[in-house]
Amino acid sequence: MSIGANEEFRPKIVAFCCNWCSYAGADLAGSSRLAYPADVKIIRVPCSCRVNPMFILRAFERGADGVILCGCHPGDCHYSTGNFYARRRMTMLFSMLDYIGVENGRTRVEWVSAAEGAKFSATMNDFVAKVTSLGKNVRLGDLRCKN
Amino acid sequence: MYKIAKENLSALFQKIAGDKELYLPVKNGGQTNYAAWDETVEVDIDTLKTVKSAKDAFFPQFETLYNVKREGKKLDLQQEALKDKDFVIFGMKACDIQGVKVLDNVFLSEPVDTYYAARRAHGIIVAMACHEPEESCFCKVFGLDAADPSAADVATWMVDGELYWKALTEKGEALTASVKDLLTDADEAKVEAEKAQIRAIVEKLPYSNLSLEGWGGDATDVKFKSPVWETLYKGCLACGTCTFVCPTCQCYDIKDYTTKDGIQRYRCWDSCMYSDFTLMAGGNNRTSQLQRYRQRFMHKLVYYPANNNGMYACVGCGRCVEKCPSSLNIVKVIKAFENEGGSKA
Amino acid sequence: MQELINKAKELLANGTVVRVLGWRAGDLSYNPEPAFFETEEDLQKFVYDGFCGANLSKYMIEASKLDGKTLVFLKPCDTYSFNQLIKEHRVDREKAYIVGVGCRGKLDIDKIKEQGIKGIESVEGTELDGPDTLTIKTLYGDKTCSYASAMLGRCHVCKGKEHMIADEIIGESKDTKDAERFDAVKAVEAMSPEERFNFFQKELRKCIRCNACRNVCPACSCRKCVFDSNKFDSAQKANVDSFEEKMFHVIRAFHVAGRCTDCGECSRVCPQGIQLHLFNRKFIKDINEYYGEFQAGADIEARGPLTNYTFDDVEPSIVKERG
Amino acid sequence: MSECTCNPGYTKDTLVPQIGVITDIREETPDVKTFRVNALDGGKLFEHMPGQCAMVCVPGVSEGMFSITSSPTNKEYQEFSIKRCGVLTEKLHSLEVGDQITVRGPYGNNFPVETELKGKNLLFIAGGIGLAPLRSVINYVLDNRENYGTVDILYGSRSADDLVQLKEIQEVWMKAPNVNVYLTIDREQEGWDGHVGFVPTYLKEIGFDTDKTALVCGPPIMIKFVLQGLKEMGYTDEQIYTTLELRMKCGIGKCGRCNIGTKFVCKDGPVFRYDQIEELPDEY
């Protein structure tokens, strides 16, 4: 399964998915046989607001080319307000990453409900395409982690 | 003695860098620090003191010791290669060179630190006299001569737009020979005048007459138990600025960085000012900042001299004087003890 | 200055306070240090001049744990920090007697040195009611420079001369603002991503991980910092790889976002002159733009922007849209 | 120095460890395991003296200083008795026979078994895991029995289940000629018919003659009261040896963190005679 030198770039994507909506949405996408690239690695979190900015930076440090956070739609949070806080935090963080020169297409937040298997698959396809077009993450990786 | 015009220095640097690595003061983002030379860097030999001392050249803030790979139960260990190429460090001042001597006593004593020893063996020190010493300098207190840095391989003086160059050791002679075609013969008259001028300024520096009386290897009991520390440390924020800009601080930490390709074991500078410096799973023997603050100065002015024939682990570079966020420094410590029991400063 | 000393003596004598938190004169004309005074005799070394830039609010965290009241001298900008610390329950209002001191901008010795002035023996004219020109005696002759040219960067974007909290105020303050607070941030924002990346790479490469910015920061009052944890991979003490500095400074700025009063201490203390306020001010600017004007420490009751929300908040995708 | 120090013949740096293989693990107590470690070729990693330590490391986790509990007279392997109390020890406890770790050393000084202690009557006082360094001395002494006088061993632990090396104590030490072993546990326990009480109290109850040299090792609080007890019984500072424990990283007196006064505990210690400790600043 080695990748040849002339094979096209396939980005590594980390997707943080909230347990209640988006992870179920991913499940639905799977059981509905809606395809999305295998390069998306899903990490299940109890709520989108569990995702600490360090999780995102760490993912990039360890070689991720793009990081996406998926949670319940605003107003639908299992814990009522978690995603509202997540929304503000991620807005701040993404703005800062953009500010220090990290391509802003590498980060994204999407609200995906348990019923939106199709949206999940479409979102991932779109995000992977976007990150693919940006190429490898070199600005926010740790040189000691060779890929 | 030789000389070279200041405008020709870049040719000199180019020549040296041809077959050796060259480190010299470089300005980056408004701050001058030692860095590797290439055509693109902004060389700054006019700034008297680099922010960090030159100790990085011999004892870098970070270095890999070895790499370990794990395969199942098995480990495979590879020591990092030692420095095997000569390098020149240009522009070191007398205080920084003395700083390296202080480190020598630690790293070259048994068991020898081979990483450090390799760098020392391959390093060629081109020293520079301190053209205009500043008010924070007090190297005279430690018997150093800012006007004549004699502990180097080559000594240089910048006088009236010309760099005077004098080889002091075999290594220095060899380096001189390799750049000879860029140098012209010079007499020492101007250098002697410069030396006299520097020494005259040094005499006038506010800290030049600081007294070290009462310090030294025998002072452990008296100094350690003094109540003076109780007020001295109060402003300390427990950051590591003083230790990281200091040419003689040599405490280090050893840590691992794990990647999927293996484990990198590295060493990095550490600071006795940090609260976790002495923290163990089983407890901590220095729990207050008073203790940590006291440790730093006791080490420099008492413990180190006790173990090294009276040599102090301070060289009077004055970096801590300039950089401490709370304006605390070793001079204030020394003075506070001068005044112990006496009247105000 | 004598007025401050008199006040301190009075409050010590009548038992209102048991200690005084102020500045002790240094051994050079520009290095006074934050210090506690407990007796009238101690106060002989008390000083208050242009070089007393340290924000004493940070020291009140420890002072609040001591018995008895502490008299603390706070400049207008320091009072924002104090308020914020009250809100975070890090200082005890009851343990503090706050004297708001006048301020006409604080001085930065490096700003004087940058003007080519070296071998400084004394700086005159630094007192609160001093002249607009500093007279500097040096080993290499006498020099002068304007007070404003020697001011800390933060004083050029002064938040104003009002004290946000004080038991009494001694001395006249001056609004020293002569530049827009967010201009520097806007200048960076105007660059291309490539330029921004290179700019920060260059700035952060200077970082020596001394933690001075963190330890001086009044908002960084956690008992145990995440960057001191052994369990956290990037808790490294060294600038090993460019990633680490980004991680440290971005996360540090994030952790104080919405709580940072922009007191400017981080930039003041950085031994490498890193423009750390560019991070904090970016967050403040974003908060103002997205969630409405907010000044941490101005109002004890106001909810912090990152512990608050509205249903109609902007989506994170706005970052992309702004481009 | 013209010769390059980094030609292929250079000596390996002392900070670079050897690889050791865990060849046996004994569960001593619920939180103490004894690890037997051999070099890759099956022999011993190095030769050491009783009381010396070594840096044991699980790469990627951490490295720590542990006393070598086996005696130098053991020609086959080294042993480390390690109590689970932190990140590293937690990881060590999860290892299995055959796993490789790294070890460097031996570091520090040792109990002066060949000099000052020779010919003396010896009194060993240990608490809990503090037996680890003393066990090395005890076995050394038993294997060179003719060189020493009487041997008394006072060892206590929280409970009977927390007594380390119990099997060896009962089967070897108790049966050795001219050796008295006194065991105690902190609190009454079913199935324990031995002495109950803290080590310092038991020490005074037994009331040893002062014709002995005491070697003390255990938790700081126990050491403190044992020293008091010994003093009361008439022991002089010169008759008491103990060990200090501080955070260490390099093991060779360079990294600075185990510095107390003019001493580096990793290099000048861990074994100190009590009068030497009294000279140190009070920071241990």
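Residue numbering begins at 1 within each chain, and the chains themselves are lettered A, B, C and D in the order written.
Just so we're on the same page, a residue touches a chain if its C-beta (ideal position, glycine included) is under 8 Å from a C-beta of that chain, and two chains touch if they have at least 3 such contacts.
Only a predicted model underlies this, so the values are computations on that prediction, with no experimental measurement involved.
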Could you pull out the chain whose C-alpha mean position is farthest off from that of subunit A?
D
For the pairs A-C and A-B, output the one whose chains share more C-beta pairs in contact.
A-C
Cα-centroid distance, subunit C relative to subunit D, in whole angstrom
50
Inter-chain centre distance, subunit A versus subunit C - centres from mean C-alpha coordinates, in Å
37
Taking each chain's centre as the mean position of its Cα atoms, how many Å separate subunit A from subunit B?
46
Please output the residue numbers of subunit D that touch at least 2 other chains, ranges allowed.
62, 87
Junction residues of subunit C - those touching two or more other chains:
230, 233, 240
Two or more other chains are touched by the subunit B residues 253, 257-258, 270
Please name which positions on subunit D make contact with subunit B in the complex.
1, 4-6, 10-17, 19, 59-63, 85-89, 96, 98-102, 220, 245-247, 249-250, 252, 254-262, 281, 283-284
Subunit C to subunit A touching residues, read off their complex
188-189, 193-201, 226, 233-234, 240-244, 246-247, 250-251, 253-254, 257, 279, 282-283, 286-287, 290-291, 305-311, 313-320
In the complex of these two chains, what residues of subunit A are touching subunit B?
62, 144-146
Could you please specify the touching residues of subunit B with respect to subunit C in the complex?
28-31, 33, 48, 51-52, 61-62, 132-136, 201, 204-206, 231, 234-235, 237-241, 243-245, 253, 255, 257-258, 266, 268-271, 274-276, 321, 323, 325-329, 331-332, 335, 344-345
Would you tell me which residues of subunit B are touching subunit A in their complex?
257, 259-261, 264
